[in-house]
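In the two complexes that follow, chain A is the common piece, with chain B as its partner first and chain C second.
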Partner chain A sequence: MGLFAGLRKSISNLFSSGQQQQRIGIYGPPNAGKTTLANRIARDWTGDAVGPESHIPHETRRARRKEDIEIERNGKSVNIDIVDTPGVATKVDYEEFIEHDMEKDDAVRRSREATEGVAEAMHWLREDVDGVIYVLDSAEDPFTQVNTMLVGIIESQDLPVLIFANKIDLEDASIQRIKNAFPQHETVPLSALEGENMDEVYEKIAEYFG
Partner chain B sequence: MPHQCTECGHTFPDGSKEMLSGCPDCGGNKFKFEPAADAREASAARSADERTDAAATDHPPDDPAATQPPPATDGPNDAPPDGPPTTDSDAPAAVETEDGAQANARRDVASSDDPAVGAAPNSEHTPASDDSATSDDSATLSAGETDPSADPTDPADDGDASDADGADDAEMAALRQELDDQFESIKILEPGQYELNLMELYNREEYIIALQEDGQYVIDVPGSWHGE
Partner chain C sequence: MSEADDSTGDADGSGVQLDMISGERMDQLASMEKIRLILDSVHDGNIVILEEGLDPEEESKLIEVTMTEISPDEFTGIEIETYPGSSKSSGGFFDRLMGRETETKLTVIGPANRLETLHKDETLISALVTRT
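The block that comes next holds the complex of A and B.
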């Protein structure tokens, strides 16, 4: 963690009274459902949304923050800021967007912005989050370079992390495959889109980040 | 001593790629470079002084000493068994290893980009009468310096050197590529196609906020970023 960020955190801890605001980053590969989850959480507890959702990868190209969300569960309460981050990838190619019927100029611009978004997401991870919700698509193979590297970085920072196995409403979903990939972390199954198992989601958030 | 670790003082007498993966003793990655020219000139000046002093006294009859320098001109690697002892007796061993490092560094890195660096000191030394005199130090130095420039005129050296240089060039190209891959945080393959090094992006103090069309990018330095 950056020196300044650590110092700032220490100072804010010193002067804060009562409950501490936790900044939780929602991370994961593109199209895992991070924005859908962020919107679900924000709508459930504040009535607002965080950002637009799309089936086209890299819809979120700038980190978006929703502050002061109070989640209460089983007598436990946690105040969090959620940061919806751009999907992290090791390659960004405009041709991927052309496949989604996008004009080349738009695809190239989106690709550039997506790359900037990844840089931003990595910077947030380094400087400015207190905990991580790592979102994975249950229907996709979790054994990827990006997942391994990001979870490794999060572990190296000693940040509390919850693995969210999203999209359990899909036919090909396999929660067990995700549990096998990251047995050292708690895996919570959910469908952010359908609102399935959100009770457990909030319980775990309150438990881990409270 | 072309390079020295600033953390622990470990020196790299062969001036080679060993330090590219960090200091083997302390893991440090900052190295002090002692310009080869300084060491060369210093030792050359030192040896020249010694030679003139020695020549003034008793060296003219010292024929064995006069015949020994030529083997040493082959360089530290090719020197016959009787070469090193004579140089050891007359000069510090460090001088010889520096020559090897200098020759290695010139061949591997600066041969194509910066021939003038090797040529400049060479032109200073070649006219000196030391070449034909008994100075094994200066002979060794001039051999190291004339190696690159002598290549076109020496067919025997040419063949060997081109093979060795070819292998070295390939090795260096691979090494450079590896280092590029390791340290480049965003590689622009073409507009709209990017490869990202997540670890490097994560480790960077500065924050890349905008990529430009021409391959440049805008960063926000930590001071201003933190000052929000």
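The block that comes next holds the complex of A and C.
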């Protein structure tokens, strides 16, 4: 934890931690790295993980919450609950899972859980979150219908939002492409897998959601 | 446009039905009625074109209801595209703050197994419609 050496709880942090817990939803398309990010945040500040990460889409089929994560940066402290959500999609086809070597029964069950999870994630967004981290794979085209719709929905709820351009370790990554797609929001580049640029990630979280 | 006939669809498989719904007609409906109208038509295999689209809250409910209706081997969900696709040109955050609803966005919705987006950018949507 050398990264966080030198950080100390100041008196003002102690007082400000009495503030209301902010519930931050991690949203984005399937496979963007939402769970990897949620796990990294949870591990960095509490020591445990949130849930399994996988290259198979819709691994996360229930919104999972990790409570009481206290993040401190530059004398600002923010107390958050992280909600890792299933990736939002407008379609789910069980055959997609069969391509990942799953039996039909398993694939059908998984797709049913995935659809319930997406419905639940939409519900959380309308009712239960105070801020959103929108995670995108920087190596993919950000200009998709799901992304535009979701960001529009988040804006219409007047929720504070940060766009996370994840997977910057990949060769095809383009942060600029994401900035161009969502110029109205702050974009933070990172690699949740490799832990790149996490300092800025925590700074922005403290700044936006504190 | 003639009255949408959602009873027959293209039962003989000879074509693809397009339902083009005017903004005026949608304005008279409550949110859930709009969503029902769209999904009933899409379930019949039709492509729905909305002159004015849905507001964000309705889009969110459309996704939610679509998810609850997905069923293996029957319905895999929807493909949806709006034009203009980006909120940066008009009707952005400040317009919303000011309560200005400037966005009217042509929206195309179809069954995911029939409508496939081939290309999309700020100025062009190219989609492929198949019979099934």
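Just so it is clear, the second predicted complex is superposed on the first by the 192 of 210 C-alpha atoms of A that agree within 3 Å, B and C clash if a C-alpha of one lies under 4 Å from a C-alpha of the other, contacts with A are read in each partner's own complex, and residues count from 1 in each chain.
Rule of thumb we're sticking to: a residue touches a chain if its C-beta (ideal position, glycine included) is under 8 Å from a C-beta of that chain, and two chains touch if they have at least 3 such contacts.
The structure displayed is predicted, hence computed values, not measured ones.
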item	value
Which superposed partner A:Glu116 touches (first chain B, second chain C, both, neither)	both
Contacts of A:Met149 with chain B and chain C, given as first, second, both or neither	both
Touching partner for A:Gln176 - first (chain B), second (chain C), both, neither	neither
Touched partner set for A:Arg126, first chain B, second chain C, both or neither	both
Touched partner set for A:Ser77, first chain B, second chain C, both or neither	neither
Partner chain in contact with A:Val108 - chain B first, chain C second, else both or neither	both
Touching partner for A:Thr90 - first (chain B), second (chain C), both, neither	both
Residues on chain A lying within both footprints (that of chain B and that of chain C)	88-94, 108, 111-112, 115-116, 118-119, 122-123, 125-126, 149, 153
Interface residues, chain A side, partner chain C - complex	88-94, 108, 111-112, 115-116, 118-119, 122-123, 125-126, 143-145, 148-149, 151-153, 155-157, 181-184
Interfacial residue positions of chain C with respect to chain A in the complex	55-57, 59-61, 63-64, 66-68, 70, 72, 76-82, 85-88, 92-93, 96, 112-113, 117, 120-122
Chain B - residues contacting chain A, complex	185-186, 191-199, 201-205, 207-211, 222, 226
Chain B-touching residues of chain A, taken from the complex the two chains share	2, 4-5, 8, 88-95, 104, 107-108, 111-112, 115-116, 118-120, 122-123, 125-126, 146, 149-150, 153
